[in-house]
Amino acid sequence: MTQHSNVLFRFAAPQAFYGLAGRLWPLFAALATALGVWGLWMGMFVAPADFQQGQAYRIIFVHVPASWMSMIIYLAMAFWALLGLTFNTRLSGMMNRALAPTGAMFAFLSLWTGALWGKPMWGTWWVWDARLTSELILFFLYLGFMGLTASIDDPRRADKAGGLLALVGAINVPVIYFSVRWWNTLHQGASVSVTQGSSMAQTMLWAMLLMALAFWLYAIAIALYRIRTLILEREKHTLWVEAELRPEGSS
Amino acid sequence: MNPYMAVLRRDVSLALRRKNEVMTSVFFFVVVASLFPLGIGPEMNTLRLIAPGVLWVGALLASMLSLGRLFAGDHQDGTLEQMVLSSASLPGLVGAKILAHWLLSGLPLVLVSPVLALQFDLDAQAIEVLMATLLLGTPLLSLIGAVGAALTLGVRGADVLLSLLVLPLYVPALVFGAGAVQAQTAGLGASAHLSILAAMLLVAAVFSPWACASALRIALE
Amino acid sequence: MLSVTGLSCTRGERRLFSGVDFQLKAGTCLHLQGDNGVGKTSLLRQVSGLSPVAAGQVSWYGQPIADNEAFRAQRIYLGHELAMKDDLSAIENLQFDASIAGRTVSAEAVRSALKRLGLRGREDLPMRVLSQGQKHRAALARLLVRQATLWILDEPVVALDVPAQAAVGQLLQAHLDEGGMALVTSHQPLPIPHALIASYRLQG
């Protein structure tokens, strides 16, 4: 037990994590690309056409994994926020700042692909579907986090305030989702989804899972990459960063 | 006098000496509610349909606009710092401030709402439900909004940022608040909506002062 | 006794000070000196409990000050802001201040505290109509109303004229005579006998 916690706490130091992240992110990026290509190929060419929606449905292979990722990343942010507020670690705040833009990007991607999907189905560019509406609110939550952390000058205060906001948001997300679903079903709202009743073909599921995994690995890769820059920025007054930034060959 | 009553009394008497805090919230509510018919058209059937949503959004925005003042004044003159330093429970002091804020900015909206509801031709039962939802909803909005106000204390562009932070969190209250009135007019009864609003209010009453206290301590570090 | 060991402070990315050690015993006043920007206010805020202590330890009679009820009840911190509401009178402000600290004081007690600081006849008017110097005196009157053991004061005499400074000096001396202690920053010399003052110079 103590051996494990020693390892964990060793990497909680920015300098150690910088090295680890540097070694890991290319691996994750490569895996993400490989799985992404495979998943897209399966989704675009191998999976059969949906019997009601034809070829247009194929956008779900981006839309659904993007939705999942936007929610998973928010949960991850809440986790790091809890860690940071409890143990007062510097890395947790930086991790959240590294994750937030990617989470926001996936939320936006989900909304955009949702609109692209809705247009052939309903003829409108936007549908007040329960999931899309919840996704929109999640997008606002991400923007709120990014806005708050960008507006506070003191990095420690920004980290803590952002962490608290992420926690409060995470607790509210189920409530918001539930209330939006209530609102939608009450008003017989439209629904953007694959044909109800028919079970999904094996290949469709496979393709979605592959894409989800690819997005997840991409998110990890880019978060690790981004956090390296954040670490350099925050720790620029330390000796190891000065050595790191010195051009090769000079003393 | 115990510290919490002292805070409540002080905030209320300070606002009453200035009076504009109470008035601006109410005026804003009235103006917003009056703009919608001007924008949409005087057709009474349409207005009756949109009334719950319009009135609730108006109350929500009016409540949100006054949030900026909740902690900012005390922060600027140093009294907030003394509250954080005191031996009294900070969540308790914050709770007292939020209660004062609601009495000054939220309760007047509840009292004015029947008049506005008549402009939209809501019937008596619908007005009753509207007042009940606002009575439960406006304190809920104050409690949720207070966390946003505490997080953005002294920050550049706090007003707009506060709106961005707080509006997504307001959605459940809006859905159930306006939904209750719509359910009433549709003949379905609003008891489920009101129970949910009451439950949310209880949970917020417990958690929000605590979250605000954490946010204030972070802001004053 | 207040004891501070190994205290350090980082603001943003700058290291302000480190390795600060001192002790404050009953009946003494520590005059904290240092150039502008060296971190005197940050130090006071850490000692008072407003800012978290990242490195080092601040103890009150052997116990750390974090979550220390006894410490909270016995210390008072006055920063750069006056902590007075302009729309309330001096008496209302000080009574409120006492309530927050869990004490109830009568208006007469507040009036006599204000009189000791030379403020007479304007205690019932809104603070807004007082001059800067009068506002500062009213703010300092809370030291008498609260009766705390440890006074942490950030530039208490900076906006006061000579008679007011003398009044504050008398207050401080009486406080030390009764066994109280004070931690004070000030660019000017403190208006109390040298024998009661210990100095600490904060270096970057």
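Of note:
Each chain gets a letter, A, B and C, in the order it is written, and its residues are counted from 1.
In this section, a contact is a pair of C-beta atoms (placed from the backbone, for glycine too) under 8 Å apart; a residue touches a chain by one contact, two chains touch by 3 or more.
Bear in mind that the values here come from a model prediction, so they are computed numbers and not experimental data.
When each chain is reduced to the average of its Cα atoms, A sits farthest from subunit C. The central chain of the assembly on a C-alpha centroid basis is B. In terms of their C-alpha centroids, the spacing between subunit B and subunit C amounts to 37 Å.
The geometric centre of subunit A is 48 Å away from that of subunit C, both derived from CA atoms. Centre to centre, using the average C-alpha position, subunit A and subunit B are separated by 32 Å. Annotation for subunit A: no residues touch 2 or more other chains. Contact with two or more other chains is made by residues 221 of subunit B.
Annotation for subunit C: residues touching 2 or more other chains are 52. Those residues of subunit A lying in contact with subunit B across their complex are 85, 137, 140-141, 143-144, 147-148, 151-152, 156-157, 160-161, 164-165, 168-169, 172, 175-176, 178-180, 182-183, 186.
Those residues of subunit B that touch subunit A in the complex are listed here as 147, 151-152, 155-158, 161, 164-165, 167-169, 171-172, 175-176, 179, 183, 200, 211, 214-215, 218-219, 221.
Interface residues of subunit B facing subunit C in the complex, by the touch rule stated above, are 1-3, 6-7, 10, 13-14, 17-18, 76-79, 81-88, 93, 220-221.
Partner subunit B is touched in their complex by these residues of subunit C: 48-52, 69, 72-73, 77, 79-88, 92, 96-97, 99-102, 104.
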